[in-house]
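Consider the two complexes below, in which chain A is the common component and chain B and chain C are the respective partners.
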Partner chain A sequence: MNTLAAAPPIIVATTALLALMAGLFPQRLVRREGPTVIAIVGMLVAAVMSILLWGNRIVALGGGYRIDHLSVLFNLIFIGCAVITLLLSVNESSGVDRRGEYAALVTTATAGMILVAGAGDLIMIFLGIEILSVALYVLCALELWRERSLESGLKYLIVGAVGSSFLLYGLAFLFGTTGSVNLTKIGASLTQASFNTEPLLWIAVTLIIVGLGFKASAAPFHMWTPDVYEGAPTPVTAFMATATKAVAFVAFLRIFAGPLIDIVHTWQIAIGVVAAVSIIIGNVAALVQTNLKRMLAYSSIAQAGYLLIGVAAGTVQGAQAVLFYLLAYAAMTLAAFAVVIIREREVDNGEDLASFSGYGRARPFLGGIMTLAMLSLAGFPPLSGFIGKFLLFGAAAEQHLWWLAVIGALGSVISLGYYLRVVGVMWFGAAGDPEPRKLLNVSSPVTLSTAACGVAILGFAAFAGPLLTVCQQAAMSLLSP
Partner chain B sequence: MPWLTIIIVIPLLAALAMFIVPEGDVGTARLVAALGAGLTLVMSVLMLANFHRDFPGPQFVDHAGWATQVGLDWIVWVDGISIWLIMLTTGLFAIAVAYLCFRTPDRPRAFLALIMLAEMGLLGLFSSGNLVLFYVFWELMLVPFYFMIGMWGGAGRKLASIKFVIYTMVGSLLMLVSIVATAVIAHGITGVYTFDIVALRNVDYTRPESIWLLAGFLLAFVIKLPLWPFHGWLPDAYRESPIVVVALLAAVVSKAGVYGLLRIGLPLFPRGMAYFQYPIILLALVSIVYGSLVAWRQPTMRMLVGYSSLAHLGFIALGIAAIDPQAAQGAVLQMVNHGVVVVAAFAIVGIIATRTGKEDIDDIGGLAARAPWLSGIFLVVTMASLAIPGSNSFAGEFFILSGTFRHDWWAAAIAMIGVVYASVYMLRLYQSSMNGPARGGDPRRVELRVRDVVVLVPLIAVMLFIALWPQVLAGASSASVNAAVAPAQVAVGRPPSEIRSVVLPNPLPATVSSASGVTGGASQ
Partner chain C sequence: MLIGTLSTHHQATGVPLSWYLALSGAMFLLGLLGVLIRRNPLLLLLAVELMLNASNIALVGFSRYWNVSDGQIFALVVMVVAAAEVVIGLGLIVAVYRQRLALDVDALSRLKG
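Let's turn to the complex of A and B:
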């Protein structure tokens, strides 16, 4: 039974190996399609496995890994993002020989994420984050012939290593303070903690916030984000912006909303300040971007700020809001990147905002999806982004963090400046592109996944009721050790 | 029968149906829009026929869950105030669609779909019985207007559309924070976590709480209205938008701000309204004087009517800020009157502008000689706009002024100046365009045609009807208006003789609540 609980990460890790091997096959057809198909099928099996485990609470691997509502929900988020990323990269122009590596690396990263989501102790959190980080360093630099891609990989490697060391240091301090790496035991010892351990705890908390702040690309630890996002292959960027960010937040929740919930006063202000700074810096810097990938990078910094509001609240409502917003955020961000990916294949400068001039009229479907994504990111009701923001502000208000809610609202106003600019360029701009428009026939998996993201933006809002019940159960599972 | 839900959903269906209409098939697109707007109008008339005029509370309540665990519900209802705004919306949108069917814009499918979406947003706004739903529709109607200004506007449309949205969103996102805060704080006082407008009425907040909570809402309302100095979006939006959009903005969208004051400001935050009473009165007075003066000097017809609308909205805001049942009654009456009159004025401006190709007042003159019908109808509209006794606006403005005079005679006195100015600028517009020597264009082309009559005659008929029987509107809304104003009257300490409705404390004292169960909220 205990091994069964560890099935999702094991399946995904095995899939990664299989995908890698499929990429080495002599037949060209297998080399071309095999890795992607194997990776998607394997991850879907893991997803089904996770769904079957819904409702169970199982501890496996000697307390290092556990299955509960939260980990299942995050498994689904990660696998969903990974599958859509793989679908979006179908027919990517990069060499066929690289397919095996690509699919295997995405799958490996997913396996690492799944470990973090189900982490029962500090070691597993760090291990999972490192597994996915190493995979992502390579993924960023996958387009070896592009200097930007290499630069992106190198930058991410250096900054990622710095972030990881902060995190490790913080986790070590937490271990030193409480005498245990097990999250449940840490929580138990903190409830009866005497106050003389507090300075150590402060250091631990600060270092962990910094370390995870790097991973979540929250300001002021965000400097790497625009360059890395811009340089990496766009599907990889989409994966990083959604799944990797979700990992950082599941780690935040596992540590802060779990064992550290009783000492909320030590970290609430710190996380609140990081959230506020992220919202302000992300939104203001995004205003002046002309490259869509950079703009989305800054937007993702701001979105990390909104998500941190929910973490800072330090309540079940806060965690629930984070979970719902992560779902919505993944759908909107993937939708936006999907359209950029398609446009990049049509024209050379497809990531420039200028190349989208009049795009809405030329391709109403893709323009519509992009519009939906932008409006939802900006928080227009009744889209899912709005419901997420509403819940986050509500969670902040409940803890009387009024200033955070107000900064969040003002940040949303600023964000209109760039989100609506995209919409404006697409629909109000002149279609008079100097070069003849290259409107490719987009392959069906790409269209399908783009449409799926659009449907998700609407669907999450329409079925917010049942979805919130799921999120609430997941959030509750953080508290019960 | 879920009247309101049907009324809200029909325009949405019409908008969605535009996706199926083949591109370039203008006829079908027109038919779909006309059917959508027409059916909505018919349904709302039928609803009005079934309306209980003396009942002050919510009627036609539709309730369904959405995300109930966080307080999101689909709850819509009307009372004596909102029913008239819904009638105004359905009526004016039907007229706008009729206007558009005869003068099809380019890309008609998209434009008509957006018009239908805007109608849905406004209808939802005027009927929502839940603060979050109110916010959802408040924002929802912004999106179609953004696209209509941005895609069909004039040369400066990009700037105008973004200005319009950002101005409005500054207010509305703070309103979202206020909405959340209202529920949280009310939870601490009443023990119920809810966004239901009825259940949140007259909650016993402390004075600072009431003031701060209202402040978040108020900014959104005065920007939407707009009141001076929050009207920065108005000149650009009015100058650049298609005339139909300008008419709808002035006639219906602006009412959302007033409606917010009446539906949320007065009943939910009476102490806050007492605090903000004089600031609002002051802004309203400045808007009246400023709007009138600026209207007087506007070079183009549409901007003149646009700024006159700013002045008229100042009147309406004054009627509400006076915290007097009679003044508020006048404000409700005037909301409908102003909507009808300003649409008629913009329709005439639109007709003259499209036929002569000119919008500058100085370029147009002497139309009356060759276009007597047009000039006759324009005269009726002009007289209604300056609220001459016997016109429909007279009753409304009279109520507002006399209600205000009772407690703040000076405010009424200053507002009177607005009435005088109205005749200055409206008569300037009428005289220079209709009388005098003919200037530019062929005046005969301007004469009303069947397509114009279809648009104008219903408006004139409504004006005449209200002029002759204002008590139809006033009577059916007075119970609701009295109930809305009463908490604020208590808060500013009006004598009990003036308070025409029972004000229940919220939360009710334990002994009372068990007996009556009024806190439960929306029940027919």
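Let's turn to the complex of A and C:
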């Protein structure tokens, strides 16, 4: 009966296999459209299944997987990101002859993410992160004929594997300190004994922060991010920037806000410092970028810093703020990348900021979405990005982490420089030199998903109240053993 | 503290935990050093492999110390994951090599034309 709780990951994993097989069918129509359709339908079924499980607290797979409010909420975030990524990649050149692999890899990565979100023990956290990482290495290098894509995949593989090794070594020491891989038991044994002076625990915490820092692309472990984001096919970059980041944070929350919450003093300062460094480096480096994908990469480093502030707070309010901001961040970032994807298909160097000159006047709809995304990322009230940042900084201030809140606010001010520059270039720039070759009719799935992201940015702000209740329930479920 | 008690706890039954940890720590640092100073992707993969296996030794050592099998299962999972990672890595290296090769061949034919 408990196996029912593991339905979401099982459904998504099965979907990946079906999508892979559909890509091998002899009929051209099935081969081209089948995998995407199957993947989207399968993931939506898993999403419905997750929603049906909302409110339950079930442990499955021998304690390895659990369904609670948090895992259901994250299932929906991951599936939403994956479905929008698949819709954005319709007619994308990287997938012309490898639809099957593309859809299957995105779905496999989603299955790995779902496992991390519901992880009940350390093995599942590591396994889930690796399943999604290995799928993403291949996705980055999918455009085999483009040298940059290959380079991006190889770089991501090496750095990702180093990050995984740090994480794994940390998890090994956490297991060694407590004698169990089960998160509940780890939490129990850490409350029982005094581990204040335990050197092994300090090593474990440090290594885990470094490992997850790599995955969340937080500074100073961010070196790979701009190169990989720039080289990978843009829909894959969008997926990495949103879903993968969310995974890193659910792992942070599952480990630190769960079993390690009682020894908050061992990790609070370390995570706070990583957050501060990320905010400063990300925002300052983003100021000088002229390539929009690189700019968004540095912006994502800064955003990871904001999110880490909520983790460092180590309270339910902090976790709640992280969850809300992750929702908002996913919508804003996907919207920005969606516009870049559309522009890339129109002109050759569509990822250059210069190619967006006057784009807003030529295409008010896309210009509007991009403006919305940029303003929300910068944290303009009343958009969802502002609400999220407000909650994050508030949670830090409540724990007397004033310095973090101040650095976060300063970082937001710096970030106005590059976010507003995009808006300015789009609406007030001289009519672009690289005009759209032809006013391409953007295919309807792409338009639909772009509009959905824009609506989500506004919707998350308009319905912030009920959404925050959901986030709070999810954050509370971290604490119940 | 744990480190102190390690040597006495299971001393009678074999290698003490601190030896496992020393070996795994040395291997991890060696791997990290390799990642930092090597520039050949094949050697980088080897170095990463060393880091992952350092964790395996720590896991198995801890598993023996606590007398539970969790760590050994973890180590088995890690082996599978490491193999998958290396396969992808080698595939990518071959793809890069082929692409460079193709480019060179292209240049040669252009000279002839």
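As a convention for this text, the second predicted complex is superposed on the first by the 470 of 481 C-alpha atoms of A that agree within 3 Å, B and C clash if a C-alpha of one lies under 4 Å from a C-alpha of the other, contacts with A are read in each partner's own complex, and residues count from 1 in each chain.
Just so it is clear, contacts are C-beta pairs under 8 Å (C-beta built on N, C-alpha and C of every residue); 3 or more make two chains touch, one makes a residue touch a chain.
Quantities reported herein were computed from a predicted structural model and do not represent experimental measurements.
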Message = After the superposition on A, what does A:379 contact: first (chain B), second (chain C), both or neither?
response = first
Inquiry  = For A:54, using the defined touch cut-off, is the partner it touches chain B, chain C, both, or neither? Pick first, second, both or neither.
reply    = neither
Task = State whether A:25 touches chain B only (first), chain C only (second), both chains, or neither.
result = neither
Task = Identify the partner contact of A:365: answer first if only chain B is touched, second if only chain C is, both if each is, neither if none is.
result = neither
Ask   = Regarding the shared-chain residue A:138, is it in contact with chain B (first), chain C (second), both, or neither?
value = second
Inquiry  = Let me test your reading of the model: by the given contact rule, A:464 touches which partner, first (chain B), second (chain C), both or neither?
reply    = first
Request  = Once the structures are superposed on A, label A:202 by its partner contacts, choosing first (chain B), second (chain C), both or neither.
outcome  = neither
Remark   = In the complex, chain C touches chain A at residues 1-3, 28, 31-32, 35, 41, 44-45, 48, 51-52, 54-55, 58-59, 61-62, 65-66, 68, 70-71, 73-74, 77-78, 81, 84-85, 88-89, 92-93, 95-96, 99-100, 103
Key: chain C-touching residues of chain A, taken from the complex the two chains share   = 121-123, 126-127, 130, 134, 137-138, 141, 144-145, 147, 150-151, 153-154, 157-158, 161-162, 164-166, 168-169, 171-173, 175-177, 179-182, 197-200
Remark   = Per the touch rule, the chain A residues reaching chain B in their complex are 375, 379-382, 386-387, 389-391, 393-394, 397-398, 402, 405-406, 408-410, 412-413, 416-417, 420-421, 424, 427-428, 464-465, 468-469, 472
Query = Within the complex, which stretch of chain B touches chain A?
reply = 65-70, 72, 132, 135-137, 139-140, 142-143, 146-147, 150-151, 157-158, 161-162, 165-166, 169-170, 173-174, 176-177, 180-181, 183-184
